[in-house]
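Next up, some structures in structure tokens.
In the two assemblies presented below, chain A is common to both, partnered first by chain B and then by chain C.
Entry: the complex of A and B
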């Protein structure tokens, strides 16, 4: 699809973007004293329609899923199933495939319906081992993951191989795609995922050899850089981070390397900030992906707030985890 | 109370023997009871300490799971932790504490090759790592707690049984035996006095017959 074909789609997305929740609205939701209060406020927003069907306020997760599903289907139909956008939703399919590989008895009703492929089709295709129907990188990864899992029974291997396949599929889809922003965003996601894994593994106390297994290729930050930093103190890692394109994260101080809560928040904020550039592209597929990612982050933030309200998590703890809004 | 007992010397001897056994049994049971109580109190303190430790670790772990649940979708979290990476084994045997058969659990630590985390790191939240770590750390204490709590339960039942036996001996059996012994002694003494009186009377009659 050429850029000129997105005129209607971009205009539609522009109007939908105005309905995204902004930081002030998120703060107001976080300040709600009870779940009912938060849901009542959320009912006044775009989520009103899905929340109206809730039989029990604790089923808010279903409402968030319904809303996200509606947005994914809308964006995919507006883009006429652009392959670039598929990269962003394969994540849900990979999640489902992991579940099916881990348990052969997985049923479609336990799978996410947010992906490219319907859960029942996935279950059927995986059972019949018709892997050729998947992108080649994914098909290959499924075969390797299944074989390794059968050999050593290690469920982590399934996640490791399929996660790497996910980033690889996205890389190849976006590398030769029509959007440079998407490609840069994908590379940033790979780098930040590698950085997050680096911090997590250091906090857990695993060896560098383990990190090497989980390292995702195709990023700007290389494995050698991480190897050099593996045994270094946080201060040194932080000063190195300041020299990378991700220096924004270093501005949070040492906390970004000692608190996974802060790191994950900044990870999402960085990617949101980056895709927010799509707002300045008047014609193109970027605003569609920008809206989709914004909605995903919005649903994640809402889930954090609502789960926090159900479990009486303090407002301070909730606010620590609030993601920056796209709006 | 009517005492159904034969006031004979044979019965007296038999009852005295039974009393001796009962007093000795009472002393032994009382000693056992004291020792059981001592062990019980130690185990109760240990159980309280372990429970606090386990509850605090589990609360921290659940808090971590809750935060991970907030950051990750239901399906993603379920897929990440539904299947374990390592499997721990527990061997159960029986040990003897003061003649009571109590369970002994032994956790066979699995080989943590590559960590305990059953998920990949790219699509999961770091909040999950801390929750899994705390849950894994609490496993040993959890099994120890199960062993101690079951031992406390069995010990409490044994203490209750021993207390009933001690009380039965102290307040029922020993007083009854003493009562019976006292009754027989009194009866035998009374018979003795009756015989003596009869003999004296016969002697008087014989003397008066000789004089007349």
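Entry: the complex of A and C
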């Protein structure tokens, strides 16, 4: 689609952005004393329509999925199924394919309906091994993952190979796409995913050879840089992080390397901040993706708050996990 | 050969109306789509969106006025010299070309202005001011074309 053809879509998205929850609303939700109180407040927002059908307050997960599904379908239809946007929703398909591969008897009702392909079509296509119907990189990855899983029964192989395929597909889609912002955002996501794996594996105490297997190519941060830092103390890793484009994360101090909760939050905040540049693009596909990502992060934050309320997590702990709002 | 003068003058009218009208049609098309997007989510903003969406339409009107002015001057004239015909053609160019380009760009400014209307309706006048800045150049071109046409003897 030409940039000019996004006028209707962008204007509609600008209106929808006003209904996104802001930081103050998230704080108010986190301050709720019970799940019912949080849901009652959420019912006054754009989520009112999906929450109205809830029979049991504990089914909020279905309501969030329903809302996210509505937004994904809307954005895809407004963009006339732009390939650049498909890269963003393939992740749901990848998660579905992982579930099918890990349990050959998987049925469609256990899968997410947020992806590009319907769960029933995925189950049927995977069962019939019609891999040619997937993009070539994905088809190749499915064949390799299935073979390795059959050989050694290690489910991690499925995650590793399909995650790498996901980032590779997105990289190729966005590299030749129409948006430089998307491409930079994707590279940042690869780098931050590598950083997250690095921190997680170091915390567990695994060897670098293991990290090497999970490393995703195409990022700005190289494997050699991570290798040099593998046995270094946190202070050294932190000072190196301050010299990279991800120096914002280093401003949180050593906590970002010792707490996965903080790292996950900063990971999302960085990507939200980056895609928020789409707000200043008056015409093009970027505002659509910005809204889509904002909605995904919003649903994620709401899930954290509501699950926290179910499990009686303290308000202070909940607030530590709140993501920065796009609005 | 004696018809060349009148033919050039007709070409001048066509160029003036065609280019300025094309710019406006495209500009209003862009702004109309954006207005529809805003109104889909918030029908209460229809009134304000109409004012913004109509702004790129003025270039077409300027082109039409100059075209009419030229037509009225040559109506009933049987013959024009080539030089006179060329003067009509040249006189139409400022409003035609500037109207064409400014119509499109004003449409883009209005699309951005629709974002202001969507997010901060109380500030939407600022969107009109930004679009008005583009209008300035269409008005300047209109004035020059007007004087040029009136100066043709």
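Here are a few things to note about the model shown:
Just so we're on the same page, the second predicted complex is superposed on the first by the 327 of 327 C-alpha atoms of A that agree within 3 Å, B and C clash if a C-alpha of one lies under 4 Å from a C-alpha of the other, contacts with A are read in each partner's own complex, and residues count from 1 in each chain.
Throughout what follows, a contact is a pair of C-beta atoms (placed from the backbone, for glycine too) under 8 Å apart; a residue touches a chain by one contact, two chains touch by 3 or more.
All figures in this text were calculated on a predicted structure; none of them were measured in a lab.
Legend: residue contacts after superposition of the two complexes on their common chain; A:27 is shown touching neither chain B nor chain C.
A simple residue count on chain A separates chain B from chain C, and the partner touching more is B. In the superposition on chain A, A:12 contacts chain C only, with no contact to chain B. In the three-chain superposition model, chain A touches chain B and chain C at no common residue. Those residues of chain C whose C-beta lies close enough to touch chain A in the complex are 30-31, 33-38, 40-42, 108, 111-112, 114-115, 118-119. On the side of chain A, the complex with chain C involves touching residues 4, 7-18, 282-283.
On the side of chain B, the complex with chain A involves touching residues 66-67, 69-71, 73-76, 78-80, 82-85, 114-115, 117-127, 129-130, 133.
The touching residues of chain A, when paired with chain B in their complex, are 61, 65, 91, 94-96, 98-99, 102-103, 110-112, 154-156, 158-160, 162-164, 166-167, 193, 196-197, 199-201, 203-204, 206, 210, 213-214, 216, 260-261, 263-264, 300, 303-304, 307-308, 311, 313, 321.
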